[in-house]
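We just call them A, B, C and D in the order they show up, numbering each chain from 1.
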């Protein structure tokens, strides 16, 4: 559970202090930096978004351009500081957030290296990738782990469900292509499969709709399937969450136990030997945690 | 749980009687007043709504105008009565419903103070705010507390989920802006993010839809994500509700225990010492309520 | 749980035999009649539906008209038979299915009594009401009771949820009316409230959509609210169903116990005295059923 | 649980070896074949899908045609191999996947046997049926069984729910036909029922939308019904999944027990006599599995 990125053990004392500010979230400096960083991230995302609006870009493009440049330089300094203060530069650089931190600064620099009217359009492409920076926000909330775990624990069922859904939309989309044809907008099987996903997931854009009675009947079946099948992912996640909540209940930690832990079903204490059958505190039954 | 707004202790006896009618819901006068008030609130909301319909306003504007004025005067008298009958005028005026009570009467008076053709449009704005009055309806139903609690208990998870969703729609919306461009209606990143929300939440207006194969493929991914992710809020709320129902079961109260209560897992009685490990009534295990 | 409509105790023996065929579902004659009746109901609904399709009505109107008349006469004979074979005619006639049985035959006769070109349109209105006959189908499936109970048990929470939703759509619809105005299709507050329901329930027709940035932002909030709030009815019903399944588990009956029953939490037998605390069969804890 | 299709007991040894490759999934040859087969299936589905896109078919039709032919011959050889290696040819040919394997190869051959310009359109129909081949994918994932079981266990409740929904959409669709009429797109009762399904399942295409206030009010009711009723299938499936997870918990198998198994409610071991009341391992209560 502990981050694999650790504080630099050698070197001048400022490295350790920098690490405390940049990586720690429970020191005074670390908290202040986190708040500042979040404001800077949100501001930089806002700048990119506003620059894409034609009416705003017409008046404020230069200001937004400078703001983006300044924020990118600040993020670059931050990235350099992170690299300098960790024990293993490589481990940080290849970690999930190390990659995102880098991806957040690259697009702006790339747009400087590739000038010319011809590349203007592609420059915009690179800039938009900066929204990856937003992903950083998630890092600061410990609760996310519980949600991610419930998702991870049910990954096989989710994959099976996804394959079932994809199989169904391919078959149902193909049938709709045959029944409705190009006149109703079902111009090819891929487009019909796209329509089947739009319908099964109950999104229903309405850009393509069936016109014939048989097509409408098949659409009704797809809609009822989608309306009922939404229960499956919900059931999967609910089971994992009920389980996580039950195990975490007494101990007061939101995170569920790791697989292999011996947890009392009555008092939920977890300090039991691997061969324990009854709780040493309350006499309740001890079970081994099977789901991670 | 008790309302912080208390009955006036001093003054003439009519203050106490007025309090019983205006604030109490279990006296005869209080019940009759509540029914009358609910009818008046619904009628006044209906009047505002009907006056916004051009064809109705053309014929009945004067009647609706008078009705609104009369109802506003009644609500003003009620507000004055509430202020007069409570122990602390300030505490009521700054309470949630004190503010709503005031917001419900202000718009009509403001529309009287600001005459002139130029302000006609803005007057309408002020009047519509009177629908806040509807919020009063919620006050009269005790069951709302259980629902609100289940929501409140899972507020951190809901925030994490919301940040995840917002991060996703910003990234996915930006990609769609690059892939589809202005021709398909994705005129800017904010508009594309709006489209991503429309798609992820399975609303699917269809005012903006992808035209290119790559855009439709990304749309399919967003739709499947939205279809599956709906399980997360459902799982969160279900867990809290199952918990609340379990704790409340035996004692017959719908409201869950407060955190720190010692509740028997078998018979669900809650009168146990903080250090109790077994139920004094049935011998079942006693657990401390961790989730509020 | 037993039907209040009982077999005629006096009179000639054919009355009892007729009752067995018309009302009983576990005799040979009753089962055969039920199958025939269901076919006749489905056929008559199909006839009404097909007659509403212009292209079909142009060719087969006379045939469909005769078929409807014949089926209506058969349903009338059935209704007369039901009246003749029950102990109390009044009790049947005023029962839920007695009213539906009558409503299923009235429209066709009414269309005969009101001839003339002027009434042609209204005749069609009356005929469509015959689809109420479909409701009869539900009667034949015992499982429906479990679903209906889970719904009934959570009726207060559902009402609170509905009031919350209605309050929100009135407020949010009014705001949209002010923000977007008639140009974007938000022609009045009622229409805007209709749009808010379309959006909050994630239906999203797309007949009315926001055009302004502020309107789209508010729409995003409504969509996220609707996407998250769908968890509330789901949580409510899930809790009731988990409870019903738990109580019904061992005894093998799908229907949950009535409130007041004393059920063992271990072996789930229900034959216990009202003051029992431990199960007489297995020694487990006995709880009183609180939720109906 | 074991497949009814068994290894050929007699004949030359290659029959057994072929069986191991074609049917077994835990031998080295079987695993390699499964991966190859899955690639071939996905490729053949892709070929059919791409050939339906006009712009792609214009350039690559001949290549796609040959690829489809080659893949069909490979699938035919596989089908022949499966027939040759099983004990009972008839049992395989009539099994679920035997029929799908055959359906996957028939359309291409049928398009060869029926030449001529007149049949060109229908040939395309036959080819699209090859997407049934995709169904094979499901076979390779054991987790699917748990999901399928949870669905099967709640089949009666799902049927009742479906009948309720169908009854409602017929009635509500008929009312909308009367209220809105052909001007708003409600051209017949079947079309109006289709619209009611689109609305109740929260799909909301927007191809048909109500224009009158009464129609919009009824639409609001249908949308709220659909928004709330989605809780019912979710509740049904969640209950089954919670049950399956509970029973499967300790034993480490994801599949729930068969009905009739005696399972300990504490330690979840299942090796108990049919008349056992207490667990022989931990002393917990033993229950019989009622839901399959």
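Note that a residue touches a chain if its C-beta (ideal position, glycine included) is under 8 Å from a C-beta of that chain, and two chains touch if they have at least 3 such contacts.
Note that the structure is a prediction, hence the values are computed from the model and not measured.
Looking at A-C and A-D side by side, the one with more C-beta contacts is A-D. Annotation: the chain A:chain B pair of sequence copies touches via predominantly different residues, less than half of the used numbers being shared. Each chain gets one centre point, the mean of its Cα atoms, and the points for chain A and chain C are 41 Å apart.
Rounded to whole angstrom units, the spacing between the C-alpha centres of chain A and chain D is 29.
Counting partner chains per residue, chain B shows two or more touched chains at residues 161, 190, 193, 202-206, 226, 230, 234-236, 238, 242. Across the complex, chain D meets chain B through its residues 202-206, 234, 238. Here chain B touches chain A in the complex through residues 156-157, 159-161, 163-164, 167, 170-171, 174-175, 177-178, 187-190, 193, 199, 202-206, 209, 213, 216-217, 219-220, 223-224, 226-228, 230-232, 234-236, 238-239, 242-243, 265, 277-278, 285, 287-288, 290-291, going by the rule given at the top. Of all residues in chain B, only 45, 48-50, 52-54, 124-125, 128-129, 131-132, 134-135, 137-138, 141, 143-144, 146-147, 150-151, 158, 161-162, 165, 190-191, 193-194, 197-198, 200-207, 226, 230, 233-238, 240-242, 245, 249-250, 252, 266-268, 282, 284 touch chain C in the complex they form.
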